[in-house]
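Scrolling down, you'll hit the structures one after another.
Each of the two complexes below includes chain A, the first together with chain B, the second together with chain C.
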Partner chain A sequence: MMDAQLLASGVIFGLSIGSIFFLMAIGLSLCFGLMRIISLDQLLYYSIGAYITYSVSLATGSIWLGMLGGVFVAGIASMAVERFVFPRIYEREITFSMITSFGILIGGIGIIKYFWGVVPRPVPVPTLAQIDILGTEVPIYRLIVIVVAALVYIGIWLFLNRTIIGKAIRAGIEDVEHVEGLGINVSRLFTITFIIAGSLSGLAGGLHAPLIMVDPQMGLEVLAFVFMVVIIGGLGSIKGTLVSAFIVGQVVSLGSLVYAPLAQMAPFAIMLLILLVKPTGLYGSALLKR
Partner chain B sequence: MPPDSGIALNDGEILSVRGLTAAYGESKVLFEIDLSAKHRQVVACVGRNGAGKTTLLKSIAGFVRPRSGSIMANQVSLVGLKSYDIARMGIKYIPQDKKVFSDLTVRENLELGSYATGDYDWNRITAYFPKLRELMDRKAGYLSGGERQMLMIGRALLGRPKVLLIDEPTEGLAPSIVAHLKDVFTELSRNTALVMVEQNLPLVCAIAAKVYALKEGRMVAELTDRESIRPEVCERYL
Partner chain C sequence: MLKALRWWWGILLAFSLVGVSVLFLPLPFLNEVLIFSIYTIGCSFLLGRVGFISFGQPAYLAVGAYGTAFYLFYFGTNPYVGILLGVLSGLVVSGIVGPLFVRLRSDYFALVNLALAVIVYYLMQKVLADITKGDNGLWFLTNIASTPVLDISRPGQFFIFALLVALAVWAFYKYLDDSIYGACCLATKINEDKLRFLGYSNYSVRLLAFVIANTTTALAGAMYAVYLGFVSPEVTSPARAADPVVVTILGGTGTLYGPLVGALAYTGMKDVISKLIGNWELFIGFLLVFIMLAGEKGIWGTLQPALERLFWRKGSATGTTERREVRA
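Take a look at the complex of A and B:
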């Protein structure tokens, strides 16, 4: 029987890992929703975010500054890829985007290896303070990660619901051709969405860096989990992505407490179960069929 | 090679299509289509399903790239332009699917039209469709077919378009709504050219100054006088 202390620490761990998954998956989900592409290169921006956090924090001593730099560089990298590579992909079948973005990811990993080498790098935790929750000591940094994800969710919600660009993106998720028909430049919407996605992936990498060792393959290591989060939540749904990220986070965390291999297997089982009951994912909509 | 774009418009013409050929992949849908519309003129295209009427409108609106031919509006070639640039030039396409942005409210749908055009004069829209006033905060997904059509037309009217390309506007609507739309189209034609694809022949014949008949992608008739613009005459070409 699991005791309360172990459970509390497992839940907090699950929430923090779920927060990282959420920040990464939101980009994939938005990109699919609006542009109908599978943007596996988001995992590259995640790695870039982590590596820039490592380098900047090493140079300046500030991990927070490193994370900010990670978000910025990831945003710039994603903008470059969107402007120069994806315009040729948008009108093609979805598999093209999958193969191309996977190529960008693999190429990007090569560039990371060239600059930073293959040896995993440690990034110090910004704060070592701990807080007592239900009698167990929980690192404050993990709580910060959860709060950042919650703030990002609120920010994205406000952006999509309260700004005209956000409303145009929501409309585009329903029908991009009708948005164009109104006279709205959808290429600009695509670029904005891609930069948001890339920056959030970079933020995920920066936040995750102090919790793991930064290494060139780190994007590939979380690929399956992020994919599951997007599929379970329902492609194109921000709320679904959040719920699903926390489900997968908890399954990974609590599963490993029960039986270690469950951390890897259980999310797949959950995904299969959910897809059997609801093939469009928890909050996926038939509207997304184009 | 891009289609020819060096054709001048005749007097008063706001839209001129010459020798338009369009295809989806290898399958040709339109063959050498000619069509023109003058300022403040209602032009209708009739024909059976699959005749190429929607493709014709989509080609003008920039959603289908022509294989050959020219499309001119106000001395500017539309061929090769992005659909959003064509919309910004005041040539708006209202599709037949009545697909509004269902997750957005009526107000948000109109806001997008205003954002695209910079025209925030909604009084003009609600003067045509007073019902939209009371539906402003309703999600567009909950609107009836007629209300959706009102919203789509209202949204397209923002920016005071010069040409409205309207695809089957009355399809599936109640007779009272059709009668209302007929009045709206008549009123709109005081300032705007309307190019309309429509199966409702009595409506077409009541408001159109010119009727084109399409059959299997070819223009088979152009009716321009009141004597010939009658349902029984149009029927012959279907």
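Take a look at the complex of A and C:
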């Protein structure tokens, strides 16, 4: 019933979906690890990235330029939000950040509706070329998405392990008071982390836009999956995010080959199973309680 | 007798005010406010008393609504039985997912609930589309039979019914707040180690709170179903997930009358704003951010101390000291 060709294209599809989820979840995970906030507004930067990609590609004809613009604008938006809203939130409980950032997300969707209207818009795929893998025709664009996500993972790894700012971020995830005691400007560290997270969400939106239609509610549509990725992997862990993005992507893709409606439900069942066995997710540590 | 009156007077006053306002406010508006306030009080209890924030309340609302809708669409005609079945299905569902969810830390709890709301949405929209009719929804307004004493298929009588139900719900939550169990809930929010030290189980306190709150939410869902006469997956749409949380915070988290005041303000603003500018999300999002940054006390949380001061000045000297003792 499921031949090798179908399976191969299913796996590729799952990898590309998982890559998008990974790019978004990494921002949430970093924000939680360092600042102890749950930043639901990452989904807004995802929508912004997608919409800027749509508008710029419509104006210039180049989708790659659009994605660059999307990343840039998403970064600017996240910086503005971080500077104006979040300084008063870091001190408070984690639920506080969740409510406030949800407010930003809903408000941002209102702004998007104001500028672009409620009608879904199609974004053209940059390259329609296909490549032959194991006898299956696979769109090159999906492979590009996977490669970009892999490059981002390598880049983030190098950044966190080889640069002094990255090392400060990693130290901050362990104990932020000590980092402050060492004379590092923690509030600037927070801003940098937030901009990285926002830009990656914008990149995810830009990459995802040609695969789906952009519409104002798109952030809310991927929200559940992104949270499943973050929860399964464990909040605050980059490696866990990678592994669980891979799992969720494959489950969504291969699940839809078996029985289409199952694709939406199966990740939830897996998440419940994992939480039953390990309430902090695969790689989340219980020590992260503050 | 006097003691009982003192216990009841706040609730009676609040709901007689709502009852009197039918003279100058439109009936559908008040019905919506009453149902919305019942919807919100569960969320307010979870957030203010137990310290759990839930973005998944629409899931339980939908469970109650569809429990009622299935009965009224496929099997019977009696709206009271429908509402009872809706509440029962809410009880069963929260009893099933509760033991899994309440073990989680409060941040995971919020996210898992949100995921549940989305799952219920897909479940009703796509997976069970054969029996839920997908996005078209179930229409059963004509199926609802008129009932002898209080005919809740008419909006006017439904209002009396909703008023009575809300009164009962509020009395129940006031009783909970006063009881030892209410104190346990507050303790598990503030310091769970100490509560364990006193010999209570955090897990069972939270589980009971979870089941109570979500059964109340399912009750609201069941009442929506009977009132509107139709149910569609739109009730559990992720875009509406923040509504009860917004209303809770707008009214004043954890206060008894906060949900009622919040629901009144929210529904009123929604009517006015969607008429004026039409872009509803923009406004509600920034309102939420503003309230959070302004000190998260909400309308009732700000109003209550002012009202109390007003009544102290008017009350006799003995009454004042007595009330101070109670507060201390």
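Rule of thumb we're sticking to: the second predicted complex is superposed on the first by the 289 of 290 C-alpha atoms of A that agree within 3 Å, B and C clash if a C-alpha of one lies under 4 Å from a C-alpha of the other, contacts with A are read in each partner's own complex, and residues count from 1 in each chain.
Simple rule for what comes next: a residue touches a chain if its C-beta (ideal position, glycine included) is under 8 Å from a C-beta of that chain, and two chains touch if they have at least 3 such contacts.
Being a predicted model, the structure only gives us computed values, none of them experimental.
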Seminar exercise, completed: Between chain B and chain C, the one with more contact residues on chain A is chain C
Exercise. Given the touch rule stated above, what does A:171 touch, chain B (first), chain C (second), both, or neither?
Worked result: first
Exercise. Does the superposition put A:181 against chain B (first), chain C (second), both, or neither?
Worked result: first
Exercise. Just which bits of chain A does chain B share with chain C as contact spots?
Worked result: none
Exercise. Contact residues on chain C for chain A in the complex?
Worked result: 47, 51, 53, 55, 100, 103-108, 110-112, 114-116, 118-119, 122-123, 126-127, 238-239, 242, 245-246, 249, 279-289, 292-293, 296
For this session: Would you tell me which residues of chain A are touching chain B in their complex?
Result: 164, 167-168, 170-171, 173-175, 177-186, 287
Seminar exercise, completed: Counting only contacts in the complex, chain B reaches chain A at residues 61, 63, 82-84, 87-88, 92-93, 95, 99, 101-104, 108-109, 111-113, 115-117, 155-156, 159
For this session: Using the touch rule from the top, collect the residues of chain A that touch chain C in their complex.
Result: 32, 38, 85, 88-89, 94-96, 98-100, 102-111, 113-114, 217, 220-221, 223-224, 227-228, 230-231, 235, 261, 264-265, 268, 271-272, 275-276, 279-280, 289
